[in-house]
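By written order: A, B and C. Residues from 1 in each chain.
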């Protein structure tokens, strides 16, 4: 049984089809990378999966339950967690409070401090989130996802803006999380994809262009053409 | 009076109100649309126009039309200037933040209103209209052989009221002309569409905002000057126009001057007709509930071109 | 801890007022305490949840008229009247919330303003029962609930104090509770809160309901304690005043409302002795606050040195 499955998922925006007939299945315990050139529809697809926007057509299942019409908060409570591409935290609250608010949504507020330590932000617990360095804010976002103990963690460009050391830390974290947690990440950094992904889905102009292991995808000519020749 | 003539009378009276409402509402719509701020003090600009009209008209010697013309020129300009100052000292400082602007303009509302109370006083005072001849209007009735005109007693309109309708129409046409045909209008519309892009193109957005705020206030003041010979100038007269303009702008929708005018006619006439045949209170209750429901279920208004 | 110390000290100060204040000031402070309850109700919606309502007068009036109608026309006792007022306010808040919360930002503000206007006008429409602007005075018998004679200054002060203390402590507990912190999260970043699994619509609706009930309690008590029910309390002025009180005292703080209400009530009291244009003070205060001190008194204190202030 796949953890997350979609069938014919489509989304139009007054004339533009951002996501076009996407059918995919994510298996429990895997790390799936979602890649593609800018404008391919990756963030839109992921927004459809976590419920931020509604599909125009198609269906979605989470653990064999159909969630197509579920509002976002219900999906999160069911075991999904989502981090934003553009950091979205509670800037005027402390880092610790950010994570405990995230945890309390699913009854895990007590683990906040522990999770902060785990991502390496233990020393910044009382710092106002808005005053933290950008890289630390990205880690805080991840911590807010982690504390919820999700079955499916969806990360939208998690390594953007991180330093090399921070990226290494992130890769280690992902390896630790699986197979207990399934991870879906949108990534532009191919090194990260090669390092952590079990399989890759390539999106181009809203459609699935290719799927496979990182090595096969890297060698795939149509994928190379899509990245180089889009216009 | 029978129903037919009574309805005609209600329509005429409603049209006068609708004309003034159209001017006031277009002023609010410009500010709301281009600057994206809610000016709760808009009704007080209206009132200020009326009060200044009385001051100017009373201070001007000669026949009533001289004072009236002077008021028609001076009041809107003065109120417009007041608005420009308010924009530069207050709204700009707040960086046009929607919430803080609303709070600040509420403060401005009370300051203008209470200053009028302190200086002008609590009384309502009239201004003499420049001309005011009564015209009897005909209605039709069936007689043997066909339709015949007759002049029901009480069915009449004054020349001044007709003037108000005409004047408002002319001003609105001028505004429409400015917005769609001139460079100034183009700049305003560009700023409305995309403030940052406008800046990138070298448009001094702050100046545009100050100008728009002044224009919006000036239009309201002009509407007030027109209505003051009919209704009197009173320090509390800003409340109704504010409420009605809001209703018009929201129902008419943003991005459409034509929609605003259409909504003003609808609301103004509707308010007038319902007020004549039913109670004015009920009319207002229905109008306010209508606005609330439109905002909840159809936020782009009835004619709006883009969602807020 | 210092939080409880501070807040209990505030209560102690107000309690002492019953003994040491001269009669006139006792009356002013009693009135201010009931109005501060209104402000605290508004604070829950505006200060903590970030819902800028411009129509809270409707909840105050619902409480006042719910009580007033029950007592005057239904012959209810004071206590039953208060209950009627609470139910009226709760019902109105539930309905208005379900509708208004579907609009966001500026639209929400206007929707609340419109609903409040409609309620205000309705009081005139049913003028035969409500006596419209003129209002009506409550008869003596109803003003002695539970054996307390509200027509006398001193029991009235204690009744106002009891109401204030109850809501004050309840707000303190709410502010420090998980629910309270969640409301703050919604205010700070609603999109994020939604994506963390919070049903933000239901939470905002609940906050508005609590806010409306407290405001209604203030209205019902104001009518009962001071013996008068009138349409003026449903006017837009009574939607602006709680905004002013909360902004001045510090939105999103527990002690902010009483500070703001006491200060403005005294200021307006003094001003109205000098001129009829006393709302000029309110206008100037609002403008200055919006321009220079949006955090308000307690808010600035919290920002600068007392981050622990709830």
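Throughout what follows, a residue touches a chain if its C-beta (ideal position, glycine included) is under 8 Å from a C-beta of that chain, and two chains touch if they have at least 3 such contacts.
Since the model is a prediction, treat every value here as computed from it, not as a measurement.
A.B. asks: Select the category (line, ring, star, complete, other) that matches the graph of chains linked by touching.
C.D. replies: Shape = line; chains linked end to end, path left open.
A.B. asks: So, comparing each chain's Cα centre against the centre of all protein Cα atoms, which one is closest?
C.D. replies: C
A.B. asks: Work out the mean Cα position per chain and let me know which chain is farthest from chain A.
C.D. replies: Greatest centre separation from chain A goes to chain B.
A.B. asks: I'd like to verify one number: the distance from the centre of chain A to the centre of chain C, where each centre is the average of its C-alpha atoms, in whole angstrom.
C.D. replies: Whole-Å distance between the two chain centres: 44.
A.B. asks: Counting only Cα atoms for the centres, state how far chain B is from chain C in Å.
C.D. replies: Each chain reduced to its C-alpha mean, chain B and chain C end up 34 Å apart.
A.B. asks: Taking each chain's centre as its mean C-alpha position, how far apart are chain A and chain B in Å?
C.D. replies: That gives a centre separation of 52 Å.
A.B. asks: Which chain B residues reach two or more other chains?
C.D. replies: None at all.
A.B. asks: Spell out the residues on chain A that touch chain C in their complex, using ranges where they run on.
C.D. replies: Chain A residues touching chain C: 50, 52, 71-74, 76-77, 82, 84, 88-93, 97, 101-102, 104-106, 109, 144, 148.
A.B. asks: Can you tell me which positions in chain B touch chain C when the two form their complex?
C.D. replies: Answer in residue numbers: 38, 90, 93-94, 98-104, 106-111, 113-115, 117-118, 122, 239, 243, 246, 250, 279, 281-282, 284-285, 288-289, 291-293, 295-297, 299, 308.
A.B. asks: Hey, which residues of chain C end up touching chain A in the complex?
C.D. replies: 178, 181-182, 184-185, 188-189, 191-200
A.B. asks: Along chain C, where are the residues that touch chain B in the complex?
C.D. replies: Residue list for chain C touching chain B: 52, 54, 99-100, 102-103, 105-107, 109-111, 114-115, 117-118, 121-122, 124-125, 236, 240, 243, 247, 275-280, 282-291, 294.
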